[in-house]
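Each chain gets a letter, A, B, C, D and E, in the order it is written, and its residues are counted from 1.
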Amino acid sequence: MSVSNLLQNWSTFRHEHPINDKPHAEIKWAMTIDLDTCIGCNACSVACYAENNLPVVGKEKYAHGQSMHWIRIERYWGETEVKEEYDPNSNFDMVQQDFQADQGAQFLPMLCQQCEAAPCETVCPVGATNHTEDGLNSQIYNRCIGSRYCSANCPFKVRYFNWWNYPEQENAWPEPLPLQLNPDLTVRTKGVMEKCTFCKQRTYTARNNARSEGRPVHDGDVQTACQQSCPTNAISFGNLVDPEARVAKQWEQQQVDLAKEKQEKDEKADNKLRGYRILEELRPYPSIMYLERVRESAV
Amino acid sequence: MSKRSILALYNNFDEAEAVVKELRTTTIKGFDVNDDLIIKSPIEHPEVEEFLGNKPVNIQWFTLVGALSGGLLAFFLIAGAQGNFYAQSKGGKPIVPFPPDFVLTYEMFILGGVYITVLGFLICAGLPAKRSPLYSAKVSEDQIGILVDAEESAAATLKGIFTKHKALEIQEEAGK
Amino acid sequence: MIENGFDETTSHSAKPQSEGQAAGYNRRDFLKTLGWGGTAVALSGCGNTSIENGKETVVSYVEPTDYQIPSIGVYYNSTCAQCDAGCNIMGRVREGRVLKLEGNPNSPVNRGKLCGLGQAGVQAHYNPDRVRQPLLKGEAITWDKALGLIAEKLNGVKGEEVAFLTGTMSGHVRALLGNYMDALGSKNHFVYEAVSPAVERAANKKMYGVSMPRYRIDKAKVVLSFGADFLGAWISPVNFSQQYAQFRKGSRPEGRGVLVQIEPKMSLTGANADRWIAARPGTEGMLALALINALGTAGLSIPTDVTAVVKDYTPERVSLDTGVSFEQINRLAKLLKERSPSLILAGGAAEGYAHGTQNAMAIALLNHVLGNVGKTVEAAAGVPFPQIAPIPGSRSALTALGNGLASGKYKVVFTYGANPVYSAPAVSKFSENFSKAGFKVAFAQYLDETALAADLVLPLDSAMEEWATEVPEYMAAPEGNVGYAQLSVRQPLMGRLYPDTRGAGDILLALLKQRKADEYKGFEDFYAYLQSAIMKNKAALGGADCADDKFWNDTLGSAILPLKGVAGSISAKPAIAGFALPAPVTADASYPLRLIPSISHSMRDGRNANEPWLQESPDPMTTIVWDSWVEIHPKTAAQLGIREGDIVEVTSKSGSIKSQAYLFPGIHPDAVSVPMGYGHQAMGRYAKGVGANVFAMLDPVYDKETGELAYHETSVKISKTGERIIIVKEEGPARGSQVGRKKIAVKVSADKVDLSKEV
Amino acid sequence: MHRFLRLSILLVGMFFAVGSYATDTAPPITTEDDLGPQVEQPIEFPHNRHAGLHDPADDADPSKPAKGGMEINCMYCHTYARRSMVAGIPPLRKCIGCHQSIESVKETPRIKKLFEYWEAKKAIPWKKVHDLPDFVRFNHERHVQRFVFQQNRPVQEACGYCHGDIKTMTVARRQKPLTMGWCASCHQKDHLVSASSSETSHGPNDCFTCHK
Amino acid sequence: MGKDIREDIAWAQINNDVLKSLENPRKLYWVILFAAMLVFSVGVGCEIYQYNVGLGAANMDNPHMWGLYIATFIFWIGMSHSGTLLSAILHLMHADWRKPIYRFAEAMTTFSLMTAGLFVMVHLGRLWQFYYAVPYPSERWTWPNFQSPLLWDAMAIFTYLSSSVIFLYIGSIPDFAIARDNIHPGWRKKLYSILALGWEGTDRQWRNFRVTYLTVACFLIPLAVSVHSIVASDFAMSQQPGWHVTSFPPYFVAGALYSGCAAIITLFIILRYVFKFEEYMTLPILKKTVRLTFAIAMVWTYLNCIEFTATWYSHDQVAKDVLIQKATGPYAPFFWGMIFCGSVVPFAMMVKKWQTSIPVMFAVSLLLNVGMWLERWMIVAPTYSHGYYPWTWDHNQWPSLIQWGIVFGSFGWFTLLFMVFCKIVPSVSMYEVKEMVYHRSLAKKKEELGLEGGH
């Protein structure tokens, strides 16, 4: 490549990949999480620790907000109508009194949303986080210099920074625990940002296998670790481009369009669908669709 | 034909101006006011230019070339790097986006301008150079120096003029 | 890591381990090569990006194995040992080491899924605090010496002076233990589980005629659960979660199911319920009977004998006793009547009382009245081989053992899979009694409290290293196969990490050889015993027309042996005697609050406390990690002036603990709750000293019919110590409030969405 | 004035030089064979003898030590390459499999050493020659599938792309730079999709492909 | 009002006075120097520790990804702007009262930029890989991400730093020549000989010098504005509530000039005393600087109000929450501290008597700087503790001693560099003071002549 290449391919370089004018061709990994079946059991989170070599940081560091769970389960309570208007002057100790438990709690697994227009990607000074062909928001550990701008700009705060040298100095894996580490991906050391990758080691293996066999990736060829362990099948994961994939069907059925920041169905008064994306209005175009929690009103 | 350099020191600009005026009117063999006369002063003094006549300053051309090439270099370097950076697809943004590139081009425009201007200054002002042997520390203090190059034969005439105008000190040295 | 780790070792399911070792297994190489496969910290130090030549060694196989390709993970099937549900798992094995556990998709129990607790099984295996050699009073000794010592100590001891305490047991290890006890002439096999559905078994037996029926949550339109945390820690949670997923599907012919949970402290199941009702602790049975009354009023035909029994429990009266509103009871009755079939479950929170069995029976009666028995409550099949059928554990077994120990009856005591020194209430003085036994042998994977109190500790293999079989007590079945039963095989997924650990089966076999050398000399190890035991019954196990080798390989390949189960029969007509449900106790002024020891879904009874993933996995309800806590209702807390993070002292008549207060809206205002499983004094670096042990402070109140410890009968008082800390938890200062951001976690009423067409 | 003209030319020249260098940093795809350091191996394995080209002169007198090679397919020994990320060093058994029936060389020092390892059932501690940093995951399978099976390239050419002209070496040495830019330069090139079609595609160009 | 400078100072006297500062300052100089060294070495120690164990040592967390390092970074970048203001802007405006004080202001620019650069490094998780952010053709075939405002920052700072160094150096060449001519032989004389580049003060040199100086000054002004507005875009270009504000660039620039001027007052007072520059750094000049500072303080206050009101009246509820949280939450003391120091304290500068009172101005200028440092912290931290996602709120974060240590160390580092500089390079521009004196005396002469003529 050279200057002539630059001039030749000028129009290509001006494409706004991947939103709008150049959608994903073969694969766009996406996820659906059904909050109605999510029971909040944390199996996905443990599976993620096992699959992705996440360090256990211990109580003290957890207290400092330095935990490394790529998928965290958030628990929400019902709130009374009076308190809907947030009063920042109120003491947080008091807020809790207005939590309602009679319809149970709500759980929400929060992981990297693999945004199409990811706020983190544009700000990394070294380009350690990029968009991949398969629609993943990649984080390249060995490129990362730890400026943490990506996390600063992430509205979901799902990027996790290695504040300490967990493998060596912190001894997060005392012998023989290192034998459990997954050799398919690196163990991160201090100063590196990390986050959910939609189990890239699995998606890439599936993709490679399909290519070797000269076929497209079928639905079910690859499961993420969280999806695989979920006891209630609340998580579905697959290729949004493949119309046969469960994920694609769900998105279609829920009328959620990846490339829109406002879904048409939400404007309609008689909307009976429960698919939504979190903080969609900020226009990161998240790749994870959540399905609203349902509660029976008859009891 | 040997040459001779003479330095005369004066107390203030008025005296120096008078000397230069006299030199200008006197015809001395092998001495041209425009080429062979150098004024040394402790401060920048616009009046010196007036009585020495207009001499061109060419630094602005350096500035122009520097700023333009800095800007161009930046844009092509950055756009080229972005085009060639292996897979630098950023969510929802073109690979060669204009706004950030303009910011950087702007910075490089200034950087190029400053660097080349300074380069121009060094070239135009003939720096760095060895100090000429005829130099007096007084010049950096408060005196005005007039340095002339002339033929051996004219030395006496020049010295005469210098003394006439109450030179504080006269140094001379044979040139090559 | 490019030329990735491969070594000559294999752990190979289709061959016994000894053969694997014969095939060039070299432990040193094994660890070495694995070392750089796993610990290679790719970004270590200065992130060297240059290419190095000849700095690293690549170790190849001496002999190739056709089933193992470097860098490619192979899955081997086995059975989970983390709890008693008996989920079938598969382990991903690469270059001779197991990396990750996943559910076996062919299993009717967990259908390819696995909970966090199960997945942490690899951390039990690779745990840094495992016992690695036989220990005699803390000193390492050889196996020969250890076994010799046992023989010596047993010498001259009468059979009835030997006791064997185990956790729930089934399969061939159980059979072998039975044989050993016979050989010793002892009948003192105590099966103890700190947390077990023993009360429920007894009530079920009376009401359904079977102790462990099969529940069909997936078939029910309404599930009304009285404290059964079936999504969290009750009986077979992964199976129930799978059923629950079906139950909640709007596209199911029955439509989306409705879950109502009645319990004083919100469990994971309660958190997922459409309606969570905090009845006054202990009044669950009454509420069930009131519901029958209300159902009758609503027009459901109730058998007259039932009407007679329940007539005193009118909704009006019960509403006062339980604190559940009259309208709520009627609404529930209406729902149950309209949506049939339903399923009524009774769990620990309804059973932990002196009248626990009565409560459970009253609740089961509701199933009869609603006609659910036979529809959503099915008879499960039993295994055809009684000697390998599970012996369910109970708490009363410990009482019996404790009494025997106190009287000095037992000279030699073995323990295996139980940690009574930790989980017995302090008032029962178990550890004191335990020390009275002359010689105590603990089969242990960790130096837990019981192992530390023992004289001799025999190091056990982990579940990834040992051979065993297991029969789950709760027998799940594939759809449409009511008479299904299964035998699950647990097999090594890799070579032993430490050469000096043994499987429980191997140890028992060695002990048996001391007694009946002739009978057992043909079995080189437990593997040989197991193989011969299974092959002997090949025909009965459905392998009649299968070649021996193939049958054996298939068995190990699937690790599930389907059995033709002994059909159980469920009685449509329960034996109804009069219920004697006591009125709710008026609070003792000095101990005004009811203590609810909750079963944390990952800690359970504390046996897995040394697995760091579980310690760092936040409790789903409170999001607290690495510590225990005291849940208090905000109103109660306000009365007592307690704020979040206050260190409070919870005192019962039998003891007290100190822990951090957490204000929790999902608890009855008259109750406080503390999770079990924390507060270990020993066991390992991750468990020791984390939290407080709630077992120790339980009052010695027992269920009148089964003799089980009544967990929820402890009254406590609570006082501030003056200390205050910041709780280490996952939720931030907003505490699960979304403060005006409406599109984070969204809740919608069922009538506002159309679920029937969902994919 | 000339001075300023010269300077302008200099500056413009500098601009183009720097600009075109910087925007055109693709390392050439075929590099000079820059032999990497000699790596001391436990047994000096002669790749040339096994994989080297047959020398017709050897046929004339079978009694003399052969000069040419036996043209053994790379994947005969490096058998995992086509089905796994790693090419794999052949297991000891593979060497023995042939060598126990080759009497002619049995007494040579190298083969003796080989049998010593075999008898001790000890793996040979080969040194890595093409050792990439740990965070780089090169996938042999994909490359072999793509270039050998789909594109029908000769094996030695396909493997030699990265491993150099192994058939002429005894102990393998690194000939190619194996830097990221070097990998990338090939990935950006269009390659035939298969031997039968004229369709081309380039290698994947997202970072996750190699960095995991 | 007194004179900015006496017209009758002999030129030789100027040389003498200034060169003396290179030789024997007051004892206080050494006290400051060693104190700075001490503070700096504490910072170095902290950094070594942090480098070894990881950034956890700074006690940052998720979501508090950036801590005092970035806040202090902005502070130092801001401080650099005053040098440009005094030397370039006032130069173009022919305000000759700048002449005695611009040299040290420019040095301040250079050194505070160098300090700011340090924070970029200190902040990095993998400092040893910082070169990944440098655009150079590498064997990896990768480039930095030019879309990142951090890279613009790096580029702008590099440009600014190198231009400032050049500007400072060019402007000092005639003074190096003076020092070369007057200092007794030794290593310093050799150094000055090299630095003076053979300057003789010829008419050709002066001619080119003037144009160059003017040109570079012209470049520096837009550069300075761009640098701080780019720093502002680190925040404004992000999406976070409280940062995504269009008025940030001018706000940052105003803040920068403000803190810079305050720092100039502080250093003015210190240098005046330490190097006995009472003749040159006169109180009337101080007064002018103080008035300038006051004007900028009011601009800053105005922009502050703009920012708050714009947030208040916008529809962005989240940004509003952040603002309210800032003013009432755990950060309230710091927020109100900033308002007090930044907007209230400057009114002390309105009091005429205090404008020339050294102790009052010293205290005021220090307070202003504290306020401006708090401002930067209040920009960075509250957004993190109260972002878009309530689940991740965190009100317990507090920088560790290591973090504070490095922040304080930076003050030592700056002071150290500055003090060493003042000992080596004439911190008052001799030739320009001569010019000033010359012009003033000419003017006086003219005045006198005019007066005489009038008679």
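Heads up, the rule we're going with is that a residue touches a chain if its C-beta (ideal position, glycine included) is under 8 Å from a C-beta of that chain, and two chains touch if they have at least 3 such contacts.
Note that the structure is predicted; figures quoted are calculated from it, not measured.
Visitor: Applying the touch definition from the top, give me the chains sitting in contact with each of chain A and chain C.
Guide: Correct list: D, E.
Visitor: Of all chains present, which has the mean Cα position farthest from that of chain B?
Guide: Between chain B and the rest, the longest centre separation is with C.
Visitor: Which chain would you call central, comparing Cα centres to the global Cα centre?
Guide: Going by the distance between chain centres and the overall C-alpha centre, it is A.
Visitor: Could you tell me between which two chains the number of C-beta pairs in contact is largest?
Guide: A-C
Visitor: Report the inter-chain centroid distance for chain B and chain C in whole angstrom, where each centroid is the mean of the CA atoms.
Guide: Result: the chain centres lie 89 Å from each other.
Visitor: Where the CA atoms of chain B average out and where those of chain D average out, how many Å apart are those spots?
Guide: 60
Visitor: For chain B versus chain E, what separation do you get between their C-alpha means, in angstrom?
Guide: 30
Visitor: Would you kindly tell me how far, in whole Å, the mean C-alpha position of chain E lies from that of chain D?
Guide: 56
Visitor: On chain B, where are the residues touching two or more other chains?
Guide: Those would be 76-77, 80-90, 93, 120.
Visitor: I need the residues of chain A touching at least two other chains; which ones are they?
Guide: In chain A, the residues touching two or more other chains are 1-3, 6, 67, 74, 86, 122, 127, 130-132, 141-143, 186, 192, 279.
Visitor: Can you list the residues of chain E that touch 2 or more other chains?
Guide: In chain E, residues 126, 129, 140-143, 145, 147-149, 151, 321, 388-389, 391-392, 394, 396 touch at least two other chains, as defined above.
Visitor: Give the list of chain C residues in touch with chain D in this complex.
Guide: 1-4, 6-8, 24, 26, 29, 40-43, 48-64, 69-72
Visitor: For the complex, give me every residue of chain A touching chain B.
Guide: For chain A paired with chain B, touching residues are 1-3, 5-6, 9-10, 12-20, 115-118, 121-122, 127, 130-132, 137, 284-285.
Visitor: Using the touch definition from the top, list the residues of chain B that touch chain A in their complex.
Guide: 76, 79-80, 82-85, 87-96
Visitor: Provide the residue numbers of chain C that touch chain E in the complex, in ascending order.
Guide: Those residues of chain C that touch chain E are 46-47, 49, 726, 731-734, 736-741, 744.
Visitor: Which residues, counting only chain A, touch chain E once they are in their complex?
Guide: Listed in rising order, the residues of chain A that touch chain E are 61, 64-67, 74, 86, 88-89, 110, 119, 122-127, 143-149, 151-153, 155-157, 159-165, 169, 190-193, 279, 282.
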